[in-house]
């Protein structure tokens, strides 16, 4: 008999939160038991989001001990700076936690405080949290009860870079990532940058050399190859709602062929159901993964420059947030990682 | 044991066709057995649509007798003018058919030829086909094996008008429908009107007083109230991919209250799982149904003018095409109408 | 010798204000002498708007007497509720004023307070202000020194309706206006409705039967035909930055022909350089006037219903705001109305 | 007395052509005398483009000798592969020519044929044509009567790279250009890539390592520094109509400071009225130049990686095509380069 796991969602009113609701609503083994909020307790979610007008969730206050009795696993889709204070209590209460914020991804407190300009969570929790890039750390995730879900840009970028870095085929100081995101990545908070008349028909670079995802990416890359040097990483805001593309450049140490490069990627991801490698000479577009948990990747080698270009795309709210969180929860709970996530992109 | 029905899709390479693939892929009782095309036989669908790159369907040629042995039910997502010639053979071969074109919706050959400017299908087939507006003709659909799936605009418009027309609350010559659609409604065929640089940042009215969905709407309205006079119906192209809004105006015969109007709609759709009535004073937006089979409706009464305004929104490719087609197939096959369609809108 | 008139702009940091700067910068007879703000005194405009980074205006405080010595004419692009308190002082100081807010358009204080839900300006100023729909009130504008510049929706709607209403060809209780606007019409202020991720790929109806432009339109219509009854007027937010379309419906009193209707519009606007009538059977799109001061109009008559459809489009920030304000200023100052406004739409 | 130069436009029905019409219509010294087309002779331009419905140009056939008698200067906005055959006749007839195609930019026939996959123009014409990057080759333009107007991507990229390459501050093999363009750059021709439903809400990389603008950029860079090695250059299609951003990466040969870098750019462009350098720490967005002839540039230096990032934005149809063409024509004819081009960007 299929007894479903009981799930709680904290921060259900942000874009990550409602995407968790969308994905979990059709999950065969997970049941959303309750949604929680410290600031909007008592509010019906459908009063904030009419697209959920057929649902009747009311936001509950956050009480770790009560929550530990109510649910088996909690997704915390709270902002950075909030999770650092909230999540330890949930972990201590014995709950399994998948945290979608950036607060438990970096292992060094100093690094966090330098890039996030906020107080870090305590070191013990930083070390307890497993970095949930599902395709590469599934074993660790399976053994853990506390997951730091990767950032949207790091997910796209690390899945693009992993085969190159692990195989040590590229010059260690040659990595440049030119990343682009749809506007939903900026979240639900209002700002002039995300004001429609300003963001529409506009392409904007932001946080040049200063994005907080830089140390997250470098930490993982160095775990794969300790010689990797600081990367150049820039982010652009694209006038569309969903989607991230990472265009990754690196110089090959030695001559290689496109055939070799393609074979490397096919082999690297042959067991990864959500990573689709495009045929030689073809490259993915963001719309081709919209609404889905796929990360699509295309590869190129340029003989003129000896440079490799890797293009990866994800839906920032799915594989870049809620989808990968569910994927990690599946692995933690012993289900197949694709469970409840095998839907087709919404196209066009 | 769950033995799935075998499904065929004809015209799988259009936007209606790939939406059928998306919806049917997660349907618990339907299994896509094969996809068919007269013009692209032998082509892999993933070579046309990289978002389906994990799928391996190859387009098969159309042979009604072979198809009748292979599958239980066929969706024909072929254009108007093609279905009229193709579908009779499938019906005659004994297949259950849900046709998404406009070729079998009008019951009069003359009317079809006047508004579509093409030769009509034979009258016998016109009469055999049941008009599949699921919420209002479920009984007829259940008894039928050949469904004419409603057009996108008629679905939004008729669901908005049905309670008013059936209850005879409005002046019969007062109906004006100002309809707006996203660009995917124009299909996959190239044209300057759907060229990005022309359609983007543009709002365009088209087919003024001449849209072929006018007689379809009027035919159904007259079935509900034989005194309904010709309607005014205009369509606009909105710079977005998915979504239809029908803003419907009609004059009340007698004084009424918003309370009465709201109660009428609640009552009319209390058993309709895909119709959601907004609270008094609230109105739906197209994004609130994107990717889903919902039709959301808001109602207003203006005492200054004695006019009623009904606003209905659908995703033109789901409730306006593939979703309603699956809903009809569910009803035909004896399943609950929501089967496989209970997903949440993709928001934002 | 060409001595330029000295111009002041109050409220230069809103979208109406920066559009005035754009238009006036290339005006042969107007010179922007200074820009004013009560709240941002001392700020450089280029620090708010980098697209003006080659300009060096610094916002000055508002002092009517000093302003009267500095400049000849002031455009007040301040919000409703602010203009009502600010403008009388400027008028009293002897300045020519073109006010872009809604505060001086309605002649009845009660009507203003009912629809705007704010205190009205004093009646004497309401009566002093001339309603600046340039095409129809040029004589009054020429004699005035205080113009209430029309709203964006009223401009598009009244230019569409004027020939019909003045010629008394339509049933007086039959006017329905289905209006649609780009998002810049909501201004620079942040709100969840204008948050990119919410407004993009979305079509939203708002202020159903309650838009404050309703009494403005009715006041002018009744001035043309005292028998005109309350109109139905609804507004929709379209995912684009600029552009308004008014789709206007009315029933003809008597049978008419498209030929007659078309001739009426050609004749009505033969001396109006900014109104372009589309040929019979053709209709304008919003992009066709983008960035320009044109109002393009298409007309249709439907014999099935005896209803007339008039479609008018404007750029809401130009003909719907700053452009018409300059047009009025031209007329007030004795220049040709097109002066400085004869540029071609930005297309595509 | 102001006697205007008579201008002809060949290829007036493409996006480059109608942008020339927009810009030249308000030019004080240029008068559009006639528009020409080989394929659409006799057609009224307003029948193709309703935004020009107040204009009455009729397309004339192309006869170089007659044209030489009619006009002083011709802009050829014809596609690559057409200009190579058309322009020599115009040049030989004694006309001044500004060609907007790519056919006369590369000096080597082989290079052209390799990257364009088309027959090259004759070598003598390649050498006769002056490459019209106005900011850097004004002297040559002034002496010439035949200009090869730069490509859109090369304009943005070369203006970004010029100060670095000319000053020899960067490692010669370190240049990577990640370029992004709005969809109007693909022109008026229909294709599935520019079909609205495919391009909207989508970010697509294209012509990876294969864009025909690569040799154009390298040719100019090598003219400035013969040691420059092949560059990596990739292009992305962004869901907006207008705008190009080049994000340029290069490694500094020696340690430098942001202060030095900023000073270099200020100095390099101090006499360039259309290049605006953003303050340190600020970067331009494409919308900030929309509709204008500006190229806005921001600079960054990252001490972690010793890499320089230069961000440049242009309107692809203005500074990237028609605007720079007019700028070059101004220089050729002895006018100030800004003549007729000093308008403010359309914002928002």
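A, B, C and D label the chains in the order they appear, each numbered from 1.
Quick note on the criterion: a residue touches a chain if its C-beta (ideal position, glycine included) is under 8 Å from a C-beta of that chain, and two chains touch if they have at least 3 such contacts.
Molecules present, by chain and UniProt name: A, B, C, D = N-acetyl-gamma-glutamyl-phosphate reductase.
Just so we're clear, the structure is a prediction, and the values are computed from it rather than from any experiment.
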item: B-C compared against A-B, more contacting pairs; value: B-C
item: Relative to chain D, chain with the most remote C-alpha centre; value: B
item: Chain B-chain D separation of Cα centroids, rounded to whole Å; value: 46
item: Chain B and chain C: spacing of chain centres that average the CA atoms, whole Å; value: 39
item: Chain A and chain B, separation of their C-alpha mean positions in angstrom; value: 36
item: Per-residue multi-chain contacts in chain A, two or more chains; value: 15, 184, 197, 200-201, 239-241, 285, 287, 290, 348
item: Touching residues (chain side chain C, partner chain A) in the complex; value: 15, 183-184, 186, 188, 190-192, 194-197, 199-201, 239-241
item: List of chain A residues in touch with chain D within their complex; value: 173, 176, 178, 180, 182, 197-198, 200-206, 208-209, 229-232, 234, 236, 238-243, 245, 247, 249, 283, 285-287, 290, 298, 300, 302, 304-305, 307, 309, 311, 313, 348
item: Residue numbers on chain A that touch chain B, as the complex places them; value: 15, 18, 21-22, 25-26, 49-54, 184, 201, 241, 276, 278, 282, 284-285, 287-292, 294, 296, 342-348
